[in-house]
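Listed below are the structures to be examined.
First subunit A sits with subunit B, and in the next complex the same chain sits with subunit C.
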Partner chain A sequence: MNNKEQMLRDIGILCFTVVELSLYLDTHPNDRNAIEYFNHYNRIKTQMEREFSKNYYPLKLDYADSNQEWRWGAAPLPWEGVCG
Partner chain B sequence: MQDYKFDEHCEQFPVAMAYVPWQRFNGIYEDLEKAYRIGTIFPELNKPFTGGRCVQ
Partner chain C sequence: MWSYERRLEFPVNIKQPNAKLAQAIISQFGGPDGELAASMRYLSQKFATPYKEVAGLLNDIGTEELAHLEMVGAIVSQLTRNLSMEEIEASGFDKYYVDHTLGVWPQAAGGIPFNACEFQVKGDIITDLMEDMAAEQKARSTYDNILRLVDDPDVCAPIRFLREREVVHFQRFGEALRITQDKLNSKNFYAFNPGFDKCENCNG
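So, the complex of A and B:
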């Protein structure tokens, strides 16, 4: 598994973790502890997404801004069987 | 037949109603990859189905 695939996998796992924490926080909005966990993992996830978007292709439109070239279309399309 | 210990704590609730205890936060799995495979980051919610033939 090369760096690109590893990063994609890690971002996916972080997304999963952030969603799990948000589901818990939906029913426990005042739980400071859980909020800190959420902030922590959400920051790491965003940072990794930015880094991935800089190195390979933007994962979200938010990360598509670039001073070189427009890379938003560079992402592989879902039916191209890349996101295995 | 075994006599299940009557929990006086439940006395205040009407009968024939189901109750789900409230989840408390006490940390999550250290290894997120493992949590991802299990399907939850909360150890207390890790309840794999262990009955019957479809267990690896």
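So, the complex of A and C:
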């Protein structure tokens, strides 16, 4: 697994953690431990997404600043998978 | 309002096409207990949901279901890549192929098109949450049935992930039902519909 694949895998894990915690917090809004977990992983996630988008391709439109080429359009389509 | 992320919620990278399996899995794209019905159910129900935290949960789960719809579409699409005409005929995929080629169209495994009658928006939060909990269990059963048909680990991993999410969503909806009932008349949960009846002491 190269650095790009490793980063994408880690971002997937972080995003999942944040989604899972957000649903939990929807029904347990006063769970302080869960809020701490959420803030912690959400910060790392944002940081990694920014870094990945700068080095490889933009994961979100927020990180799609472009020069010569429209980077958002050039990014891979995730539903195609990597072995096609 | 939504924004898109250029990644799947869980990776789908299938090497071996299998058109027969694709025809079963497509049911979770546009079938009666599929992800499209799930997403549309929750994202529609939210409008008449009286309690903010419950409406917020419907919105967040409905959003995650859109990511699941995309994953199922990716599985179906990748399972039908690079098929020869012989494989299309031998797998029984020809009946789908004639109308949709290799496009992914929302239908059940038996060919029945997606239909909004597969879900309900009753405008009564107890009724809607009961349906939502049942829907999560029905989808879980469907993934269990799919897993009995799968031996390719590339397909098994994302399907198992989707199955687990059904269990978690069921749990969250159960909590939403408890939150709802806590706000109602404990002697008679059906005394009034908080999404319709106006009552001075029930603005919870």
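We take it that the second predicted complex is superposed on the first by the 73 of 84 C-alpha atoms of A that agree within 3 Å, B and C clash if a C-alpha of one lies under 4 Å from a C-alpha of the other, contacts with A are read in each partner's own complex, and residues count from 1 in each chain.
Keep this in mind: a contact is a pair of C-beta atoms (placed from the backbone, for glycine too) under 8 Å apart; a residue touches a chain by one contact, two chains touch by 3 or more.
Bear in mind that the values here come from a model prediction, so they are computed numbers and not experimental data.
S.K.: Of the two partner chains, subunit B (first) and subunit C (second), which one does A:Tyr57 touch, if any: first, second, both, or neither?
M.R.: In the superposition, A:Tyr57 contacts subunit C only.
S.K.: Is A:Phe16 touching anything from subunit B or subunit C once the two structures are fitted on A? First, second, both or neither.
M.R.: both
S.K.: Touch test for A:Leu8: subunit B only (first), subunit C only (second), both, or neither?
M.R.: It touches subunit C, and subunit B stays clear.
S.K.: Per the contact definition in the header, classify A:Tyr37: touching subunit B only (first), subunit C only (second), both, or neither.
M.R.: Touch status of A:Tyr37: first partner only.
S.K.: If we overlay the two complexes on their shared chain A, which of subunit B and subunit C does A:Tyr24 touch? Say first, second, both or neither.
M.R.: Touch partners of A:Tyr24: subunit B and subunit C.
S.K.: In the overlay, work out which of subunit B or subunit C sits against more residues of subunit A.
M.R.: C
S.K.: For subunit A, give the residues common to its interface with subunit B and its interface with subunit C.
M.R.: Shared contact residues on subunit A (touching subunit B in one complex, subunit C in the other): 12, 16, 20, 24, 27-28.
S.K.: Which residues of subunit C touch subunit A in their complex?
M.R.: Residues 3-15, 53, 56-57, 60-61, 64, 70, 73-74, 77-78, 81, 168-169, 172, 175-176, 179.
S.K.: Can you list the residues on subunit B that touch subunit A in the complex?
M.R.: 23, 25, 28, 32-33, 35-36, 40-42
S.K.: Would you tell me which residues of subunit A are touching subunit C in their complex?
M.R.: Listed in rising order, the residues of subunit A that touch subunit C are 8-9, 11-12, 15-16, 19-20, 22-24, 26-29, 57-62, 72, 75-84.
S.K.: For subunit A, which residues are in contact with subunit B within the complex?
M.R.: 12-14, 16-17, 20-21, 24, 27-28, 31, 33-34, 37
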